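Below: a set of structures, written as structure tokens.
Okay, so chain A shows up in both of these, paired with chain B first and chain C after.
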Partner chain A sequence: MFDKLELKNLTVRYGSHVLLKELCGSFSRGHINLIVGRAGSGKSTLLRVLAGFHKEYDGSIEADGANFEPSGNISLAFQNPEALFFNGTVEDEVGYALKMRKLNRSEIEPVARAWLQKWGLNPERCWNNHPLELSGGEKRRLALAACTIFMPPVVLLDEPLAGLDAKGQRALAELLAGMTSEHIVIVVTHEPEILLEQSGSLLFLHSIGSRWLKPAEFLRESLIDRNFFPLPEWYCNAVGQFAQSSDLPPIRAEAVYRFIKSRECKHADQL
Partner chain B sequence: MQISYRPGNGLLYRLHPMVKGAIAFSAIVFFSINSLGLAMMSATVAVMLLGCRFSDVDLTEIFMSVRRILLLLVIVGLIQGLGADGFSVTAAGAAMMRILGVFLVAGVYVTVSSQSELTFFWEVCFRPLGLIGLPARELALIMVIAVRFFPVILGEIDRIRMAQVARGAKLDSGGLLASATALMPLMIPTLTQSIIRAGELALAMEARGYRVTEQRTRYQRFKFSIIDFFAVLIPVLLFALLLKPFFDSAF
Partner chain C sequence: MIVFDQVSFWYNDRSETSFKLKEVSFSLEKGCVNGVIGGNGSGKSTVARLMVGLMPVNSGCVRVLDKDPYQQLLHSGFLAGIIFQNPENQIVGATVEEDLAFGLENLGLSHAEMHCRIIETATRFGLGNMLREPVANLSGGQKQLLCIASVMVMEPAWVIFDEPTSHLDPWSRLEFWKIIDEFVHHHGLGVVIVSQLAEDLNRFDKILGFSNGNMLFQGSRSEFRQAGESLHTCFNYPESWKFEQLMVSEHV
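Up next, the complex of A and B:
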């Protein structure tokens, strides 16, 4: 188990093109670490660097002060969950990582069934199905279950919320938040609003320079400069006038409602 | 990096697909069965590479891919080099040069030939089979798809490898034997995925209006130019060189 994954002057290249320049900062355990940015800003590439798939980089990655060896220490759930599947049944798919760790079938089955249940899948219904026969949301859950069953210290997730309905997204956000006590959870997303509440730091990747921000700072910057990051329209309209406020609410209707109410009360008191 | 078609405008690119195919075919046959020594074959390869260079063919990927057949070259060299009089470096080198020559010719041919040119060439080659009732056009299509599927299959192997590593598998650890054993779990998923891909490709082709029995028209028309008439001399020369020993012994 690691506490901190640190990037030291990380410069990532694709051939002669420099994608990320001298990135410094750290991802830590205890909260969700978000990576946000426009399409093509290098989010997925950074995940691939952390996973050890992309080798064209300078600088170093350290885990708790020592050089980070990704092999066996990471799991990476791809943007497209189908890209992770290569076994014939859900049973083989979810149990693969344990099989690689030399556990026998009788040991794997109860763990795998329990793990599927934890991720919201009913093993009785899908145990012998081909992974590609599952629905979109189920495939994503299966991919996440298969990636986390061996309890890797670092969990890298590329767009885990894509393709899920609102209820599914909230449930998944809770599951991810629950994982942060034991894993360093790093999530690349285009929809940071759902995970912002559970995140402690946010890495904003941009061609002119990348920045590490606190969630509140990210919200403030996005409200002040709409080109910085497109937040949901309703949120901008509701709290845009309080952009400079130090206690901006999370992007949740109930929280925003309470925030506006409190402002109105304050305003009424002042009158 | 994988060998695949790279658009260009050099001399080799501008040749008629039939001439390109004939040159590639004759060169492959030439490298496979000629009786020249190591020096002459090395010279032929050098001339061929020089020709490619003047024709602006990007050889980087082809050279990079040579390392994939290094083991094969070494094994063939060792087997061919061993004779009754001990190990012959010349015989080993000649055998290795044969394989290298075939590999380079095939690599250059794939690099300078577009999908439509390959299809055209194979269609014309298989056309005589139509006379005896065989589906010539479909056989040509199978050949082209097989060639074009190589990068897809390699990509698929990479994907599965990444999916396995992403779940904590350590495929690249250990020695040669351990690496080879670790590759075994890749084989079945790769085969399964290839079959799935083939089904998807068939559906995609039908969705775009491809029908087996329909008469097809051709969007791209290939014309012989003056360069092609000179280029035809290359396969003629190569076959003449191959047949020369037979004529010498006959007369």
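Up next, the complex of A and C:
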């Protein structure tokens, strides 16, 4: 288990094109680490660098002060990970990483069953099913369960919420938040609003310079400059005038309503 | 006009639990943004594929511009174009120009006509100076635009979008809605958008709501808003509407 993954002057290239320049900062355990930015800003490439797949970079990556060795320490879930299922049953799919670590079938089964349950899948119901027979949300959870069963210290997820319905997104957001006590969880997403409450830091990638922001700073910047990040319009309209406030609410109707009411009370008291 | 009359459809696997679209009837018209909503496995993508004629129905009847889209696709071309969720699955050309030309070649157009249409469409979608660009160099948002352009260049009467914004960044999503607005209101294009993003409901004029193969709702956006909580719990309800209701409720 690691506490911190630190980027030191990381410059990432694609041939002669510099994609990320002198990136410094760290991802931590205990909360979800978000990466956001426009298409082509280098989000997925950064995940590939951390995973050791993309080698064209200068600078270093350290885990708890020592050089980080990705092999065996990370799991990277690509976009639409369920498209990569290659086993005939849920049992084989979820246990594959353990099989590759030379565990025998009787050792794998109890671990795999418990792991499926942890990911909200009922092993009694789906153990012998083909992975593709599961529903969309179940497939995503199986794919992520299979990626994490060997307990990698660092888990990288590329758009894990895309294509799921709202119920599936909420369930997955809770599962990801639950993982952060044991793993450094790094998530690339176009929908940070869903995970913002569970996150502690956000890396905003941009061609003119990348920034590490606290969730509240991210909300504030986005409210002040609508082009910085397009938050939902209703949220901007409702809390835009309070952008400088230190306790901006999360992007949920009830939280925003309570926030507005508390501001109105304060205003009335002052009068 | 797209008309579904008592349409049922099931995939080959006919076990008890397998998916079935059950006797669905509706009609959609041009001039507004038609939205098809529902969760994973609700049947919304199946409806999109039936509209385009990718699969024959098991019973009932689908009509697009008063013709059967499946028979039309088999024999003499297409009635409605479809844009899939993931642009990577739809791009066939090595360059932007080749991808735009692919559908036109299949329509058997002359070179002069193809050239005109490619230039015009590429310009409209901001791809005019990228015609020779390899598609691999395009960003995700640009690839999505290319997919849309490659269908639009064939000048279909209807276009069905299957979760078009799920792979776009938030900036490109705003651009996408601008383009849709222009095509629906200024170019007479019939548009159906399949989506499960709650906030997209704000963009739809007419809504079809699916759950587990059943159509639970059809009507306008305002009718959907007034349809009551028992219906709303079956779908993703936008946070913006929840917020408005909270603000209104205190004045009641």
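In this section, the second predicted complex is superposed on the first by the 269 of 271 C-alpha atoms of A that agree within 3 Å, B and C clash if a C-alpha of one lies under 4 Å from a C-alpha of the other, contacts with A are read in each partner's own complex, and residues count from 1 in each chain.
Going forward, contacts are C-beta pairs under 8 Å (C-beta built on N, C-alpha and C of every residue); 3 or more make two chains touch, one makes a residue touch a chain.
As the structure is a prediction and not an experimental result, all values here were calculated from the model.
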Chain B versus chain C as contact partner of A:Ile32, first or second or both or neither: neither
Contacts of A:Ile74 with chain B and chain C, given as first, second, both or neither: first
If touched residues of chain A are counted for chain B and for chain C, the larger one: C
First (chain B), second (chain C), both or neither touched by A:Gly40: second
Contacts of A:Ala238 with chain B and chain C, given as first, second, both or neither: second
First (chain B), second (chain C), both or neither touched by A:Glu254: second
Touched partner set for A:Cys147, first chain B, second chain C, both or neither: first
Residues of chain A contacting chain B in one complex and chain C in the other: none
In the complex, chain B residues that touch chain A: 159-160, 162-170, 172-173, 189, 192-193
Residues of chain C touching chain A in the complex: 38-41, 85-86, 139-142, 163, 166-174, 196, 198-199, 236, 239-240, 242-244, 246-247
Contact footprint of chain C on chain A as seen in their complex: 37-40, 79-80, 135-137, 162-168, 190, 227, 229-230, 232-235, 238, 251-254, 256-257, 260
Chain A to chain B touching residues, read off their complex: 51-53, 71-78, 83-88, 96-97, 100-101, 146-147, 150, 152
